[in-house]
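To start, the structure under review is shown below, and the notes come after it.
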Amino acid sequence: MDKVKLAVYWAGACGGCDIAIVELGEHLLELAQVADIVFWPCAMDFKLADVEAMSDGYIDITLFNGSIRTDEDLHVAKLLRSRSRALIAFGSCATEGCVPGLSNVRGSDYALERAYLEAPGTENTQGMLPGRASNLPDSLHLPGLRPQVRALQDVVTVDAFVRGCPPNYEQVWKAINQLLTEGLPRSGERLLGVDPRSLCDQCPRVRIGKIRVPRFKRIHEAIPDSEQCFLEQGFICAGPATHAGCSAACIKANMPCRGCYGPPEGVRDQGSAILDAVVAGFAGQNDAAIQEALASIVDPIGTFYRYSYAVSLLNQLAEHRNAQPEAVAVHAEPKR
Amino acid sequence: MPVDDKLRVGVYICSCGANIGSVIDPAAVAEYASHLPDVVLARDYMYMCGDPGQNLIRKDIRQYKLNRVVVAACSVRMHEPTFRACVADAGLNPFLMEMANIREQDTWVHSKDPEGALLKAKELVAAAVAKVRHVFPLTTITVAVTKKAMVIGGGVAGISAALDLADMGIPTYLVEKELSIGGTMAQLNKTFPTMDCSI
Amino acid sequence: MVDAARQPLIDVMAYSDVERVDGYIGNFRAQVRRNPRYVLADRCNGCGACSRVCPIEVPNSFELDIAPRKAIDVPHGQAVPLIYQIDIDNCIKCYQCVTACGHLDAIDFSQKAEVVDLDIGAIVVATGFDSFDATKIPEFGYSRYPNVITAMEMERLANSAGPTIGHLVRPSDGKFPHSLAIIQCVGSRDKRFNEYCSGFCCMYSIKNALYLKQAHPEMDICIFYMDIRTPAKGYEEFYNRARQMGIRFIQGRPSQVTEDPVTHNLFVEVEDQALGQVIEMEAEMVCLAAAAIPRGDSEQVASMLTLSRSPSGFYMEYHPKLRPVDSPTDGIFLAGAIQGPKDIPASVAQGSAAASRAARVLSKDTWEIEPIVARVDAERCISAQGKKCGICARACPYGAITVEQGYAAVVTPAKCHGCGGCVAECPQDAIRQDHFTDAQVVAQLAVLLKDSPQEKILAFMCHWCSYGGADNAGTSHFEYPASSRGVRVMCSARMDQDFILDAFRRGAGMVLVSGCHPQDCHYITGQQVAARRFERIPRTLERMGINPERFRVEWISAAEGDKYARVITEMDAKLKSMDRGQIIAETARALPEINNRLKRWRSVPYMADLLTEPELEAVR
Amino acid sequence: MIRLSQADHTFIEQIMAEPGGENLLTCWSCGTCAATCLVRRFDSSFNPRLTLHQAGLGLRGLVLSSSEIWQCSACDACYPRCPRQIHISEVMGAIRSVAIREGFHSPGPSALVDEQVCSGCAVCTRVCPYEAIDRVALGEHMVAHVNADKCMHCGICMASCPSGAITLDTFSDTELVSRMFADGWLGQPGYLDGGSTIPRILVFVCQWSVRTDAELQRVYNLGSQVRVVNLPCSGRVDPAMILTALNDGADGVLLAGCQEGECHYKRGTLLGRSKVGLLRALLAQAGIAQERLAFVELGAFDRYVLSGLVQKMLHSIESLVAAAVLE
């Protein structure tokens, strides 16, 4: 049997997803037995031109991590789409925009100004910003930021998804095996390497099931009990509205889940689902108590949509408000 | 505090129809009482407050020279005046009569525990006998009466009372808080059932 | 009204307050304050010239504040006495009235309140009732919706002498209401407010309906009721007439009244019990048959006259059947709705009855009162020995005791009401109460606690309240355990600490001391004297080694039979939960200390025998 | 004909022995509860007074086999108004306890859990106003289990389930969404998107908060710019539905629920209010006008107010555009 041709790409992301692949360790040797890596700019010396030179469908599988943040990300995404038989959105950024997606709340101009001009410790006397013309000699052309961060499937057709920020290495290996043994997925067909239920199924913590709380604490305000359900202690935990697959890593480290594995299957908007789970535990019996509970939730978008804002109904609505929807390759369809 | 030459106590247990008699046996109480100190006779009877009952007491006082009487029947709030008058008729100082409340405070509240009620009745009678052995004659106090009345409230009831008193020749002050008398009635339109006007 | 004013023997003292009443039957003295009208009664001829020129209008409480009066005015045209009055708080002192009054010169801005003392032999209390505040039932919408009115407001609106000259109009738009819903039992027969039936509301609502239907046959009138109560003579016929005339009677208590915010019409929702279905009536006006309730000042008046109030707040009669117009205080009689809701015929009848009961006293030159009074044993009184004391005088609510150092205390028998508070308070046991002497009480204790005292509850009861409460438990047939043994004294103030200690000395399992609620006390402050004394007792008992839970203090009114039964039941359960051996051990432990404390008591006549020898030699 | 001689006094004693059943015989059938009860708006046969009366007569068979005893949602609207101060829902509860002991069960409907999807997260057990849901072991998983005798099918759990594992036959997600979109009312650009020439508002209405059909009719009379979708409870609303509506052409969403303290399902109205409160905070943070979403409460005494509240929202949305033009 011919070896499988595998590509890995890193778009708008932190690099954690590539590390997740490296974390496979000895499995990488097993992988090398069955697959040829034809493109992995982070780890090996490939150029974009190499990909451009490939024929359509030359690559069997592309693991694409990172959001569509820059013009270049969009370009490479389209290119890899055409060259790959299966395009896999790998990790939270590619799947749902992840933390970079939160910049959509204030827009990319604000993000640039904040990062390059205002951030403490930044010295940028000439006010240079990536993607804008500069008059410096020998300046590199940096790709411009797109107005909105997009998930991969919002710009090209995606065949399967690997969740997580970053994906757990065991899950990565499971996903790769699934791809190698079960054949290539059809477009948008499935999540790879995850368990069917939400995280609570794997959470070892005790749930009384009837405890409601008057208000919510942030994690720096108290030390949680390590045995009891976070929500029942008054810490917001996204576990009920988050797909299992991470082996409850954060929970075991006494940190509430923040939702990086995205919503359970069939759930369109993860933020809404987390919101529902949180409201369910309000103890308040009157409006004043409810207002107090609501006030205890600071930064609602960061709390409910930390990983999924870019693909959320809320972001979609905010874009309507801007009334200048950018053209996208694939219109947002109900995912999954 | 003179104790008479020799105490002679008569005890009367009222059956009050079935009110007492259906829960406890008055005869048993009487039998018990007959052995109490200084008791010379103890009887039970269907209705002590009725004429025959009272006659019985009056007759016994005279015949047996009773100088103390205990009536075990209803509440003192009900019939103490009756029995005081009864013994006074027979020449006994009315304060030499004591009552034991074996109806309101016994058979009517312990109907489900007849044994307990019987024991309680006996002890209440014994207590009354004990008290009556220590009582002494008292003379009522006589005070003068100011022959005037005050009616507080000038509504329909107050006006009615004031008019009747005055018509009987008693000077009456009719004190009203409001500016005019008549009370609620003065505010009414027509009044039932005759549908005439109120004023 | 007019008859009363014309009767020469009646002194109508309107606009006056009774501030204080002292004394006793045949010899009361009342302090009455005549409030200033700023118009001289003997000069005002009621012409009204002053009112016509007065520029100030204020709400008229006689019209339930739905119509104004002038700052100088009479409450209504037929007022008796017809003397004008200045509402001094609202008068702007323009003195136009003075000018208008002219040569009559009846207006006197310098008039002051006048306090007069009245000597009287008997008192009739006929202070009447108030109407229930319908805003307390928000679901009926009173005060939220303009067209929801009370029955008293209806009386004024339908009254030809009222503010609309008898034209019934809707407060929202001044138009005639073509449909009227009348809701019965507003605030009565309602556990949230008053459990009693107000008695006459059925009849007045039918009367209002009938009156309106006669005047406006086309009017749609609906009475919503739980039960129609028309038991008096001629009333049922009256009710039948109303039904014949087409007034609709629907059995069912409405759940709520809501309003169309535009038309201000009202929607009454009710389950018609006959239909078994919920129906809705759109009415242009709703009238609430608000209950009769005790007057707001009834508590204050009760304590001034030492009267008792039933749980409902109306004044309690001496006996509900046999002495229905006598108050518990001799010489004071009750008439009208203050004793319980009453209609006019019943109020008139009770007024006459009260007059008759009062005349029973007033027709005599003298009156005999019970000789149950306090008497001082001069030899025991330490004041006679030149020591400073006076505790008895301080305990007496009637000022019947005078103490002069060097002489024994003196009780004025006619002033003494016989509560026995001084007797119990005297540290020398130098005062006795005739008919309730120490020996007379202790003789009973000795007998009652002779056999199995550990299984018994010894209950001290005051004559007026808790003994009445125990009677009430009986008449209501509230069962309770037969372990209690009652001892009656006149007032809780008579319940000597020595009685309680003696009861424990004799091994009583439990001791209850019970009396009136403070406001009900028949002897003004007797209950307070007792309460202060009882507060100290648990600690005393504890020091002696007696479990203070074996002692209980309860204030139980003559109407609280349920409470009496409950208290005994609870105490019995507590007693049964205790170890009998433990009680005996506690008694043994406390015995020397109690004997020591009761040492002086032995020198009181007849007490020595009672404190040593067993009293009851029952032969079995 | 009912023969009173056959009335079962032990039935009365059984009920009165249950906690809450003590007051069974206190009732004198004034009907305040029956006229207050909202259940009869959708089921005219329901009459708490009648049930209490039948139980008080000892009519065991009639009472235990009736569906009425299962219908009281314990909203306790009647209790504060009862002149006898009978806690009617507790009496109903006592009757139910007797019924369950004797093998009777609620005819339903009740919420159903998809045990293959449920993760046992306990959100539903926490949110249920009736404590009708517990977690039970299913193989190596813990899953939610609904006690059908306690379930009042309010749909609150269905709305709250983060996994979409709970379903109910009535007011399902599919049903609600299809009513939102019916006749193409959604799926076209709204007034704020420059599509429609007039603002369009989706009104989610708790079916209990609207006391009369006439009240609703006045909202319908506002025309097609208003779409009314009935809910079993304002707590049934799912935030995703609101966001979907706003995304798909509704200029505003109004959620009407019962006034605080009057919720038919005890705490549903507080949940609805909380969800809207949090969503409005999210809208504000995302730079979307908060005026587009509101929770309004309808009290027992409110009559003909909903249409006014809807109109108020229409006006406030119009003024949003006017303000933007001025800028």
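Order of writing sets the chain letters: A, B, C and D. Residues in each chain are counted from 1.
Definition applied: a residue touches a chain if its C-beta (ideal position, glycine included) is under 8 Å from a C-beta of that chain, and two chains touch if they have at least 3 such contacts.
If you're wondering where the values come from, they're calculated on a predicted model, not measured in any experiment.
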Touch-network distance, chain A to chain B, counted in steps: 3
Winner on C-beta contact pairs when A-D is weighed against B-C: B-C
Whole-Å gap separating chain B and chain D, where each centre is the average of the chain's CA atoms: 64
Distance between chain centroids, defined by C-alpha means - chain A, chain D (Å): 37
Centroid spacing, where centroids are CA-atom means, of chain B and chain C in whole angstrom: 23
Cα-centroid distance, chain C relative to chain D, in whole angstrom: 48
For chain C, residues contacting two or more additional chains: none
Topology of the chain contact graph, where touching chains are joined (line, ring, star, complete, other): line
Pairwise chain contacts, counting only pairs that touch as defined: A-D, B-C, C-D
Interface residues, chain D side, partner chain C - complex: 28-36, 40, 44, 47, 49-50, 78, 81, 83-85, 211, 300-305
Chain D residues within the chain A interface of the complex: 116-127, 131, 133-135, 141-142, 159-164, 192-194, 238-240, 243-244, 246-247, 260-261, 267, 270-271, 273-275, 277-279, 281-283, 285-289
Of all residues in chain B, those that touch chain C in their complex: 1, 32, 35-37, 75-78, 95, 101, 103-106, 108-113, 116-117, 119-120, 123-124, 126-131, 133-135, 138-193, 195, 198-199
In the complex with chain D, residue positions of chain A that touch it: 105, 196-201, 207-212, 229, 231-232, 239-241, 244, 263-269, 271-282, 284-287, 290-291, 293-294, 297, 299-301, 304-305, 312-318, 320-321, 323
Sites on chain C touched by chain D in the complex: 138-139, 141, 144, 185, 189-192, 226, 251-256, 258-262, 267, 269-273, 276-278
